[in-house]
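Multiple structures follow.
Here chain A shows up in two complexes: once beside chain B, once beside chain C.
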Partner chain A sequence: MQVHWRQSLMSYTFLAPALILLAVFTFYPLLYGAYLGFTEYNGARFANHLPPQWVGLRNFETVLGDPLFRTALANSVKYLLVVPALQLASLAVAVLVAKNIPGIALFRAAYYVPVITSVSLAAVMWEWVFNREGTLNWLLRALHLTTPEAAFGWLNNEHWAFWAVMLVTFWRGFGYYMVLYLAGLQAIPEELEEAAILDGASAWQRFWRVTVPLMRPTILLCTLLSTIAALRVLEEVLVLTNGGPLNSTYTALMYVYAKAFQGFDFDYGVASAAGLVVAVVALLLSALNFRFFHREEEQA
Partner chain B sequence: MKRTLKALTLGLALTASTAGAQTTVTFWTWYLSPKFDGYIKDTIAAFEKANPGIKVQWFDKQDSMVQDFIASVNLGNAPDVVNLNIDETQKAAQNGFLTAVNTLTSPATLRSTFYPQSLSNFTSGANTFAYPWYGWLNEGVLLYNPDLFKKAGLTRAPRTASEMLTYAKTIKDKTGAYAWVPALKDPNTASFLGYFYAEGLPVTDASGKAAFNTAAHANLLAQYVTLYRGGYIPEDAVRREAFQLATELYAQNRVAMIIGGPQALTRIKDTNPSLYAKTVVTQAPLGKAGVQTGGSMGLVIPKASKNPQAAAKLAAFFTNNANQLGFARVVPVVPTTLGAQTSTQFKTSSSDPVARATALVGASGRLINPGYKAPGNSDDLYKNFNDNIEAALLGKKTAQQALADAAMYWNANLKK
Partner chain C sequence: MNTALRYALLGVILIFAVFPFVWTLAIALTDKTAGSSIYAFPQSLLPSRVTLHNFVDVYRTFSLGKYLWNSVVITGLTVLGTLLVSALAAYPLARFRFPGRGVIFGLIVATLVLPSETTFIVNTLTLKNLGLLGTHAGVVLPTIAGAFGIFLMRQAFLAIPAALLEAARLDGASELTILTRIMLPLTRPSLAALGIFTTVTTWNAYFWPMLVLSGAPDKAPLAVAVLKLKGQFNYDPFNIAAGSIIMMLPVLLVFLAAQRLFLRGMEGAVK
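== the complex of A and B ==
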């Protein structure tokens, strides 16, 4: 069927507002940000209304030669360990709470509360947990796993602060992914589950043979989202540890944030270059995710 | 007739527009609303009354002040008067964001209004970039909890900085509470440099290069490292701002002393009124140099301001002696004007801790000095310095090594 040019024009007219908004607020900043990565554009140039000056790869040399950025990037990559834990846990709990049992709505809502809790409020709460005199040390003592003398502030310890912050990320993200998985679960036709029951499949078999394969697109989406979120982790680190101790929680996005918004000493060129390096890592990891799930699909 | 009417109409229109011609000055303060709305609004009203051609639009900025400032310059709607502290003023001036105020107000007027040190705090190169506003002294006042002192067997406040270090052990060993919270690595600054200054140890040499890596500097840092590693300083002090942490723990009877301005008392009054009532206020001990460290706010005029002359009038009005003294009556700040030195306002004898603390420091604005000036590229330099202090505190480097590494980084990355 031939599409009349008027119909075509109509389609583009409807698309135009969204495309214009995308162009202005997404594509232009993205391209301009990428361009800035190859320029010198710091506070002094900015204040004197001088345009960005092309410097080629110099900012990338600066960023990659900076031990602080390398530590930050390594921390961000290490932070990806939260992804499988977060996905497995939220999928498992989504399966459990998908059943229509009395009071389950309250249970679901409770898991979602951390998603909408402000990070500063969450930070105050977790301070109480991780403090030397906090609830975590109290619990460990109550379980006879530690002594009062051995207690320490988890956020002040260079070996544990990273994992403590990661736990907060886990806590904040859990409800969000659980809701996405719940939506995915509700889209699975009930008859498939019923057929599996009739065939005598156990709950475990139904989960692995029916639920997981049908949930693959949702799992891919959630894994991608949480991979990108883990690479971009900033807020909780900023308010809980400010990157310390000994930069053990200093992430790549903190580096970008510090270079771009630190104050009058900002350097948009270096910040953009660092941002581009993080974006390339995120793209590579996303490609790996796609490849992994695609292969799984082929094998299935 | 028609022509006459036209001329009359035009004349009337011109008269009306001239009569109504007003300059609007945008004024940004930092963390002053809502607590000091009354004072700010009253002062603005007094300014507008004295300057009928100028109208003031006031906004109070908080967390995002600096970012908003930079964004407003980019958008072409920069404010006319902005409240910045010494460090941010230095950084903004180094990057070319500010107009030198000595080009708007004669240097002679500035010199006759403010303490020389107050002007020097905001001077970069040959120019002054802010009208000094209210200040505070880090070592101005020592507040202590008499019950914890009694429990520790102490009868008086420490008189020297080295005595403070001795007190740290006595108080912790006998009461379980910390003696005080030193500013080891406050965020966005290099607070430990202040201890070098207080002990008479140089921070930089004449050319601006780092000079804090001598054995004497390392010895001082090592004393704090020993205290920290011995558990005599709260471990949160490496992660949180000292003043914030100190006021929080003091109110819980977990810290015996606070060194700082009277502003700490206003917080304690809110959180623990009974402890506030018995808090003893006295002079703080000084280091070997016998100097104070402290900070101040200033009012700057952005280079992008469209009304620099009117802005200068407003900034000068807010920072004049009468208005600074007025502000000191509302909140215990230290005025930076020469006139405050002889003001009877600070000669009161009251048993109220805030009033006593204000009386102790109110006329000492001449002593306000952070002890170091923000070097070029200071954010990177401060971060590296703090990282090295932290490495020493956590036992990853010796004090000497940490300072040597920081000095090496400092000198390699210093921008003029």
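== the complex of A and C ==
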């Protein structure tokens, strides 16, 4: 018993730093943040040491009634279009780099470099690409798809800024999912592939009938990860367009951030309520993802 | 698929992946006194007059050294803190039975899936109350206890044979001695992996340091400061490109040195 008691004491001592930090900076803000969503609380109250005041669902009425938030949420949902594009491309690239041909390691490594690029650097570099005089317009001109007179800055255009930002998200993400898919591909036993070849299956058939079914767990994981990431997109928007032009790239988390830290009143209550709405949507989408892929699995 | 087609496809994707870096490097190396525009394609992709002057210029005029140092301090503190906190927490979770272990482990796992949309608001308020808003400690402290590090170290500790620990205990070694003299040296690869991943993530982090240090711009790391280069009245793309390369270089070197770790390191996430 004595040993046990000492073991427990030691365990708690070693765990203490992690537990204290997690309590203060993860669990407390989760709970308190949820609570703030139901209160009136802003920069003035905080500065004057006034406690948050319970207002029930008022903030949610404010948020859901705010046209800006509805635009933001719609943009975030629209942003989910990046998920299928990103997943299909990453899987295809993973298949492409899975075969060990000379120099393949170099390609794998190079495709991963955007993943380890800071979002602020991505902003600096892609702004030159998207500039009115930039590479994208030059390329389109070279392909005779546009004329110098028709050129515009992609990030300043209310119809195109959204897709330009999404392209940067795609660029920063495909190498990451490629590595996950590559790991999944390499776990598939070679005999299965060989057996399919002996049975006369074409490359296309082998991909859809052998590779994809066996990759289902990886596909589920990657789709979940990228769905959540897409719904939570904030940094790209912040550094590339700051939500503009004309709110065309304003996303849900941008709204949370802006309500809490931009403007005059630092409305933490309304911002927290908006954050909760986004969290609920994220949870629903995860559940949906999960069900979708499980249903397919049952049928297979 | 035939080989030529395969390489052609690989080449196109390669251009998409690395073009922004290559062009940025080309701009950074271009002699701006030659008076050419960065948008004069395709000449601007291959600088005719190469110089390193832009690097010196941006370092001097933008006091880049200050921001570099901030990045180094923030990254260094975060890596040290993460390794320390993760190893300490992982040891009992891997090796001891004590009341509450299941609950504690469950809580740590839960942090991976809990919706965190509002945490940055409350954390900012907490830091303000603690007087840490606008300090490097304020950037670092909330980020060092994470499930990823604790998991990674726990897996590493689980792989060490129990007999080794028993022998040390029979010799009268304390648990702290066992941790520092046996466990940590034997799990050096995992510690290195965690350190490298943390280094890259922290060096590149934008949103959180931007938020915490928004009132103290002199303490901002490069990832935050580099965007200020864009807003400066004397907008100079050559200097911006040079600053960007300086910021990217450490991460690129770490990546090249630990490439296999990055490209294989995530397999655990799939299995």
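Going forward, the second predicted complex is superposed on the first by the 270 of 300 C-alpha atoms of A that agree within 3 Å, B and C clash if a C-alpha of one lies under 4 Å from a C-alpha of the other, contacts with A are read in each partner's own complex, and residues count from 1 in each chain.
The rule we apply is simple: a residue touches a chain if its C-beta (ideal position, glycine included) is under 8 Å from a C-beta of that chain, and two chains touch if they have at least 3 such contacts.
Quick caveat: nothing in here was measured; it's all calculated off a predicted structure.
For the composite obtained by overlaying on chain A, chain B and chain C cannot both be accommodated without a clash. More residues of chain A are in touch with C than with the other of chain B and chain C. When both complexes are overlaid on chain A, the residue A:Val83 reaches neither chain B nor chain C. Once the two complexes are laid over each other on the shared chain, residue contacts for A:Glu158 go to chain B alone; chain C is not touched.
In the superposition on chain A, contact of A:Pro217 is made with chain C only, not with chain B.
By the touch criterion defined above, A:Val270 lies against neither chain B nor chain C after alignment on the C-alpha atoms of chain A. When the shared chain is aligned, chain B comes close enough to touch A:Asn48, but chain C does not. Of the two partner chains, chain C is the only one touched by A:Leu238; chain B is not.
By the touch criterion stated above, A:Ala196 is placed in contact with neither chain B nor chain C. In the superposed model, A:Pro17 lies in contact with chain C only, and not with chain B.
After overlaying the two complexes on the shared chain, residue contacts for A:Leu73 are found with neither chain B nor chain C. Between chain B and chain C, the overlap after aligning on chain A sits in one stretch of 58-66, 184-192, 220-228 or 310-318, namely 58-66.
Shared contact residues of chain A with chain B and chain C: 46, 131, 261. Those residues of chain B that touch chain A in the complex are listed here as 66-67, 70, 73-74, 88, 91-92, 94-97, 187-188, 235-236, 238-239, 303, 377-380, 383, 387, 390-391, 394, 396. Chain A contributes residues 42-44, 46-48, 68, 131-132, 152-153, 155-156, 158, 241-242, 244-247, 258, 261-266 to its touches with chain B in the complex. Residues 1, 3, 6-7, 9-10, 13-14, 16-21, 23-24, 27, 37-39, 41, 84-86, 88-89, 91-93, 96-99, 101, 104, 107-108, 111, 114-126, 128, 141-142, 144-145, 150, 175, 179, 200, 203-207, 211, 214, 223-224, 226-227, 229-230, 237, 240-241, 244, 247-248, 251-252, 255-256, 259, 262-264, 266-267, 269-271 of chain C touch chain A in their complex. The touching residues of chain A, when paired with chain C in their complex, are 4, 7-8, 10-12, 14-15, 17-19, 21-22, 24-30, 32-34, 36-37, 46, 93, 96-97, 99, 101, 104, 107-114, 116-129, 131, 133-135, 138, 171, 175, 179-180, 182-184, 187, 203, 217-218, 221, 232, 234-235, 238-239, 253, 256-257, 260-261, 268, 271-272, 275-276, 278-280, 282-283.
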